[in-house]
Amino acid sequence: MNIVAVLVNNNTRILVQGITGREGANHTRSMLQYGTKVVAGVTPGKKGAKIEGVPVFDSVQEAIDFDPKINTSVLFVPARQVEDAVYEAADSAIPLIVIITENVPVHSTIRVVDYAARKGLQIVGPNCPGVISPGLSKVGIMPGHLFSKGKVGMVSRSGTLTYEIASSLTRAGIGQSTAIGIGGDPVIGLSFMDAVQLLEDDPETEKIVIVGEIGGDAEERLAASRAKLQNRKPMVSFVAGRAAPPGRRMGHAGAIISMGSGTAEEKTKALREAGIPVADLPSEISDLLSSSESKDK
Amino acid sequence: MNIVAVLVNNNTRILVQGITGREGANHTRSMLQYGTKVVAGVTPGKKGAKIEGVPVFDSVQEAIDFDPKINTSVLFVPARQVEDAVYEAADSAIPLIVIITENVPVHSTIRVVDYAARKGLQIVGPNCPGVISPGLSKVGIMPGHLFSKGKVGMVSRSGTLTYEIASSLTRAGIGQSTAIGIGGDPVIGLSFMDAVQLLEDDPETEKIVIVGEIGGDAEERLAASRAKLQNRKPMVSFVAGRAAPPGRRMGHAGAIISMGSGTAEEKTKALREAGIPVADLPSEISDLLSSSESKDK
Amino acid sequence: MKIHEHTAKDLFEAEGIAVPKRYVANTTSEAEEAALKIAGAVVVKAQILVAGRGKAGAILKANGKEETSKAARQLLGAIFRGATVSSVLVEEQLSISKEFYLGFAIERASKKAIMIASEEGGVDLEETARSRPTAILRILLDPLLGLRTYQARLAGKALNIPTPALASFIGICQRMYKIFVENDCELLESNPLALTKSSQLVALDARMVIDDNASYKHPEHGEGTEELTPRESSAKQMGLSFVELDGDVGIIGNGAGLVMATLDLVAHHGAKAANFLDVGGGAQAEQVKAAVQLIVKLPNVKVILLNIMGGITRCDEVAMGVVQAFTETGSKLPIVSRLVGTREEEGQRILSEAGIEMTKSMELAAKKAVSLLK
Amino acid sequence: MKIHEHTAKDLFEAEGIAVPKRYVANTTSEAEEAALKIAGAVVVKAQILVAGRGKAGAILKANGKEETSKAARQLLGAIFRGATVSSVLVEEQLSISKEFYLGFAIERASKKAIMIASEEGGVDLEETARSRPTAILRILLDPLLGLRTYQARLAGKALNIPTPALASFIGICQRMYKIFVENDCELLESNPLALTKSSQLVALDARMVIDDNASYKHPEHGEGTEELTPRESSAKQMGLSFVELDGDVGIIGNGAGLVMATLDLVAHHGAKAANFLDVGGGAQAEQVKAAVQLIVKLPNVKVILLNIMGGITRCDEVAMGVVQAFTETGSKLPIVSRLVGTREEEGQRILSEAGIEMTKSMELAAKKAVSLLK
């Protein structure tokens, strides 16, 4: 596996599954413009085509035969093809598989996440914006110009909210090491806790911003695990959905307060009790980051 | 995992699944008489019973709670319960699972062998006599008195033929380090090649006897792999079924010459070409062993 | 998508799980007929998609034609927790000796399906979880192998299922798991799963929730619009992620997290949002237009707050959609907008030319929108 | 257990795989009726469980009632490779543009099921394997996930399935795999899987072998005794592993490997065994008695060779069974025995008292038995 600088770096060589679709093609262009090495694409039946100069193949194996150094696949295939596309990428042992597609059936996600885990491969997503290491590589759909190179790592369940916060950090002169969009589904490959651990272990990251939202208890579990840590990087957080009513899905499949749990209040409380400041407004994050130095290591 | 001296040794602590059945109970007695540490048994619904003084539990987990040092399970459960019983043992992470039961559906075997492999556990069998390290431990149904402690390792697809050959070795004053009955089914957990490798790596084993039979190409693959080895322990072999007709199953589910392959002639030829003597008669094995010194390392 | 009790019970029955004798009745006379066919004590249950029907009084006991008729009359057309009863299930009453809980759900933390079982059934599982968490058994299921026999057997033992009913319990677990996976359920539960005086295990209730993302695989279950308001239904068909709320600030944004944060900002400034509306990534003018038209028509809305952080979404497309919607509807509602990202200059120009005010940040936009309420 | 072509095709059809229009005929007149219903060129195929029917002349082409009748008359009652034809399949002839091979099997080395496919169908796969091994595609299948869509798609591409038929090919692969697993098959193949001139993929032949160890799960397929001789059938019912051979030394032993080695020894000494018979582990007197009675009645047998290496098997039980069988049948056949292991003294004493000779080793026993033939 070739994952340094947290998931993606300038050795990242990308395969785009579903490259000939509208989203696949658009984001291939955008990734290339950012400097990301998109080296091949796959759309069954479209072998021989080129998208932005990137050769298209019928199968993952053909793409790997073309460029054996492919180490990441990013998926734009329709939701009902995601399960099979992940199996295909996993059977070619691609170590990092980023699923951008939304509306993937949760039972499909459960199966592919399990399958990848037993092969030692990492899935990010589904329903996520991908991963960006500003200046190095962008694997996904983030608008690169809102990000800037720096020392703050980000983990987020939300796409546009990540862009919002990253752009406010950028305006405040605070650059980012890596921003990881883990996705808004109830079951995802790389978890909140796993993603934070990658940033903790990353020498390029000095502080961490986490962006949570209602639904599930990933934030609470993260808070509980960090409360025990002796040495930890300064962390600040934001939790979306304080005004959301219970029992209604707020856009993301995972953003739902159900059976009375998963509220923003609980998450905020758990994070604060673990010593992690929670911003009331997105714009407060840069201030909280600046003042976070002293509280942690 | 606690597997030294090839699969079983005097630290082997055995759970018997299906202990209250006729075979389970008889062989529990026989194993105990041999000195094997049979510490617990499982038969659902029979909790509280004792078989030869061994406590019976309803589940594998209860047995492990009773003796956390259990490191081997031996299965005597009926064929149609084997699949579930293996899952239960595997989910309790028992590192060695020996399936004595015969007539297990091959699709069940495929699933449990795969399941155990992905958990890093070892299955021996099904349809096998088990494993014996004379003087140390016997896990299975071999008649212990026919074996004697020594330096010859044995791997065999057949039960009674193993006893036959072991007893002739014993009479000739040649003791055995470990005898592994891998089983007579087409799909088995520990393969011929894996078992031989264990004996190659075992400091207690100086020479190796393999007992093959018609069906499949395990002997041919073993021969091909050994032909490449520089240093190898002396090996002699026997192949049963020279007189068997094609297309008929000779007792074992795996002992069938099908589509013209799997004949004793092919196996004998492959073994001899790899420099492995093949005995014409079972009784010749002890002589071949004595004269095998010079040919190999 | 929630599934009605009677549909779930039909699936249970088809799979071989014992359920009480029962009839769906859409009218009082159908309920009377059902009572005559069952000929004994019955339960009349409102077929609505809300939980806690018993507490809400939506489940009544009756005996004979007269009482059943009365119960049906009382329920049909009534509204419980916002849901109108259009049919009832008339079901035989059984003699119960014990009630269990058995369910299957998705567990986020383990990324797997789990089986949940409790010896204390017939009561709210959440309450049991709070008061006696150890009374609830959670069994992790291998995503590929599913529920194994030994797991079901151990659960049955832990629940003190009597030995003669143990094989039946194992079968019910396996069959419910099959229904759970084959129907792409988020949740499938029987509460209570009852042991009758004759030692039979019967699913007295059945609750089923299908993953919306998989509903395309299960057209037999309809489109899941029954729980939605008419506006939510039509928004769903337009591919908009829309939830009606009870405030007066109409919200349009892109991205679930950003829209949630926008709602939070409105609340932060002391007002309430009239809705959640995510136009999604890469929305075209047409879609934005539909979104604005939807919000404009919400009865409570006094001001509209537009918050776009364009990544995939092009600001010019958004702006065109907004302008078209206002032009076509002739709406005079005030609108506060924040529009940044891809093609933001073009977008901002289009909005300015239409006289729509721009703000520099989502926070200022929210503050301004709330201030316009006064 | 081999399954008849017509049964396998019914399973294919039920699963949605296209198969030709066809009728099973047990009589000539049924075959004529079938010809009339199909109304066109037909193929008349003997329903026997042996491979290579085409080469053996057990598949005939016909057109119209007369020719079909003639073909059926020719096949019904005929014997091909030892199998008597009791029914034929009358099947429409299709216009074929290309023939493929598609099959599923168990691969010992990988311990998994595999899909086997070839662009060169309609011919013997073994021959293709020998002459052009690269023309055969082998795809390993995950035991829990099974065949994945992309694997089937790649196979279809490798086989040059025309694009319009690719989706159909993928479906056939998935359906055949489902049949393969659900019926516990050792082998399931369609050879040829044909592409018709109208670009349809049709399974022209279907071969299915079910794992004997799993036949209890599939009672609908019978007991699999059709391939066995009457004696083999009755031995199977007694739990004996028995195969009739054409020599004159009757063999009884315990353990498949030991019995095979006993057969080999007989061959080594220049004679041939009349049978393979494994009484199994832990055989009781009753079972041994049945085994001996079976061997005694084999027409060719001139001498019996008993070889027991008792582990689980008790020598006294074996000896009692042997003596009882001889007593009851009154057989005067010579018997050479070798009996060691658990309770060997008792066993040997029982045999000696009955006047049965003992030898010290299986090799001496085999030599002695062969010498008695002369």
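Chains here go by letter, A, B, C and D, matching the order in which they are written, and residues are numbered from 1 within each.
Simple rule for what comes next: a contact is a pair of C-beta atoms (placed from the backbone, for glycine too) under 8 Å apart; a residue touches a chain by one contact, two chains touch by 3 or more.
Predicted model only: the values in this text are computed from it and were never measured.
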- Tell me, which chains sit next to both subunit B and subunit D? C
- Message: Using mean CA coordinates as chain centres, what's the gap between subunit C and subunit D in Å?
- Response: 55
- Please report how many Å separate the Cα centroid of subunit A from that of subunit B, as a whole number. 48
- Touching two or more other chains in subunit C are residues 144-145
- Check each residue of subunit A and list the ones that touch at least two other chains. 111, 115
- If each protein chain is taken as a node and each touching pair as an edge, is the resulting graph a line, ring, star, complete or other? other
- Pull out all the chain pairs that touch, please. A-C, A-D, B-C, B-D, C-D
- List of subunit D residues in touch with subunit A within their complex: 145, 148-150, 153-154, 157, 163
- Note on the structure: subunit B residues touching subunit D in their complex are 23, 26-27, 79-80, 103-108, 110-111, 113-115, 129, 141-143, 146, 156-164, 167, 184, 186-188, 191, 211, 213-214, 216-218, 221, 238, 240-245, 248-255, 259-260, 264, 280-283
- Touch list for subunit C against partner subunit D, complex: 144-145
- Query: Which residues of subunit D touch subunit B in the complex?
  - Reply: 106, 108-109, 111-113, 126, 142-144, 181, 184, 186, 211-214, 216-217, 241, 243, 245, 253-261, 263-268, 272-273, 276, 278, 281-282, 309-312, 340-342, 361-363
- For subunit B, which residues count as touching subunit C in their complex? 44-45, 58-61, 84-85, 87-88, 91, 111, 115
